């Protein structure tokens, strides 16, 4: 049984971890800042202008963006896994991230860049793309109201490929000069320029996470199967709709700014489940914090590993995620879940 | 005995859109009764359970629980009165016995996001009744078929229902566990006046345990009555398309149905 | 991106170049020592490769740029991303953006950078001499029949220059007629069949630093029906001379003109 106290403690613990990793991340980067300079900036003391600009103008917004994106993608992963009753579901596997990326590419080419309004607009278009993709997966995979693992994964792959092809089509028609930029974006990029995208993303993620968390208890029961959940008093159809939209919102609002980053929504929920169990009332906040921490870590690695060049953060998450996934496959899934 | 039946099904029609339909199903279940629904496969038995728990809604006719139409009860309100022990437990994620039992508290926990100490106490009570209290922290996938069945029963009992619906409660159990479940059900029925509706393809179990039986075939009610009235040789042969022999059990006096096995020459 | 108002210091001494063409321009103006940072792809002149690197054209590293404390950054619409220009400006670095889409605007960008760096004289001289020679070339090929040219930016898939590109302008000035000059997109992916159907008389292959010219020439040899192939008129050319909007486009123009019109007494 999960108590309110446990939920608070778990959330608090993971928040501390996030703060610690973020603090470390603030001290790392291409600019040669000393630790004391960074500390001075953070404490509001006298510090060289370069340090202040780099820490407050570059690193801090980027770390915030990574944290929010990591949390958002992870909660989307938890939500999709609960919705589909399938531990292999996440925005990337289900093709929802590709749908969001498609929306975002269209939005970018239509000029949605720069202003606050444009940031909202870009998120909205990406959200729409995510919804369409999620709906497509559901329609393709649903067999008599259930979503069997095989058809779900296939539907996700197909939808993802379809939207990737659509993106390819668009970029093949685009000016060569813009092409490079979009290709880099498609590899996943947290290179933020200011706090504006952070604000928009944080708002979207807060709304999405709130909506998902409110259904946490119902999601626990949904794990027993839709019929059983209905028989225990859960309005399953309504819950499914809310989760569907919320998870698409989370995916859309993150991918709109960072491009598609894979493995976060897949791996982090599983790792956290191993530690705290599957009760969503504890899992969701802890996984969100863990996802935030993971992406801050991955992005920091992406920034410093080959400085001054940068690796796409999606590469780091894949290199971390894939081996862990293989490990999961060989240990837990062998025992045959659902 | 209270004048109004606990469960009243009147003129219910339902179909999924294919050829099969439930047609004009009507019956009543009295309080504290043990009522069995039997019939060949695909006669609509599981569909009936779904209709009784508002998973589907009848396309015609009405179902009333304690005099109130199901359409007027919220899902939660219904779940506070009716609990289901399904045939199989499918789990997407690992759960312990205690966590499963606590899920049965959901209908009572309106407005509570986290379970309280009372929920835990009731869950433990249910687990004790079902005989799985000492397995509380065990993950379900490490239990035997019988233990898992009792864990699901604990969940149902945690709902504190008036009516318990069981879908093929003994189909995966060995002899000893079958006997245990029957004893448990009888005790619950007698000591707590729990009304039990059980769906089973095991005619002898149904005949032995039930006060009344309903024989369902091809989506229609063929006969309702006592085990002697329903488990009648001619009727069973007609409905099941299989030669049988019905005799009285020397132990309990209830009818026992035996298949008349074919020899090598049959069907030439 | 270009056409914004930018406040630039009177005499910038710490300049960051965000594209190879701009690096070349700065060096050509004799202000190379004022460059404090260049991209990884700035490979000309040789001295540029020794300068500190600030990342790629699509992926500039802001921290590296900031660390160099530049008082001016140079960017181009032909390559740099608008969000990076905005981001640098938001961090307090003046960014001057040039828009070199044809020969004339390349000269213009040279003059403008010259003005920014206080090297107007050198810029005027350089632009002037480039203009002069371009005019001379134009006179030399005036009235001469323009051969049909297929310019191959990339072989597989076939990518060609379309309307409103620097390369197309250079081909025209060199006395040729690009068979893809009316294509609506700037650098479309083109059908090889269609390219053949337009019967180019010369095929110019852009080399982007890779070694095997012979192999590429061999790729086209099987298309014997093309007059260009039959007559052996497949010519490699250093892509940077045609595609990088800097001072060396004159060399590209010169080379191309001699390729297309060997009959003219250069």
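Per-chain numbering from 1; labels A, B and C assigned in written order.
The criterion applied here is as follows: a contact is a pair of C-beta atoms (placed from the backbone, for glycine too) under 8 Å apart; a residue touches a chain by one contact, two chains touch by 3 or more.
All values reported here derive from a predicted model rather than from experimental measurement.
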Note to self: Using the contact definition given at the top, which chains are in touch with both chain A and chain B?
What the structure shows: none
Item checked: Maximum centroid distance from chain A, chain identifier (CA atoms) -> B
Margin query: So the centre of each chain is just the mean of its C-alpha atoms; given that, what is the distance between chain A and chain B in Å?
Written below: 44
Note to self: With centres defined as the mean C-alpha position, give me the chain B-chain C separation in Å.
What the structure shows: 80
Checklist line | Gap in Å, rounded to a whole number, between the CA centres of chain C and chain A | finding: 40
Check: Which residues of chain A touch chain B in their complex?
Finding: 1-4, 7, 81-82, 85-87, 216-217, 220-221, 223-225, 227-228, 230-235, 273, 277-279, 281, 335-338
Next item on the list: Mind listing the chain A positions that touch chain C in their complex?
Entry: 29-32, 50, 53-54, 57-59, 113-114, 172-173, 175-178, 180-181, 183-184, 191, 193-194, 307-310
Item checked: Parts of chain B lying in touch with chain A, wherever the complex brings them together -> 50, 53-55, 74-80, 82-84, 86, 89-95, 98-99, 102-104, 106-107, 109, 113-115, 119-120, 141, 159
Checklist line | Touching residues (chain side chain C, partner chain A) in the complex | finding: 40, 53-59, 61-64, 66-67, 69, 77-79, 81-84, 86-87, 90-92, 159, 185-187, 189
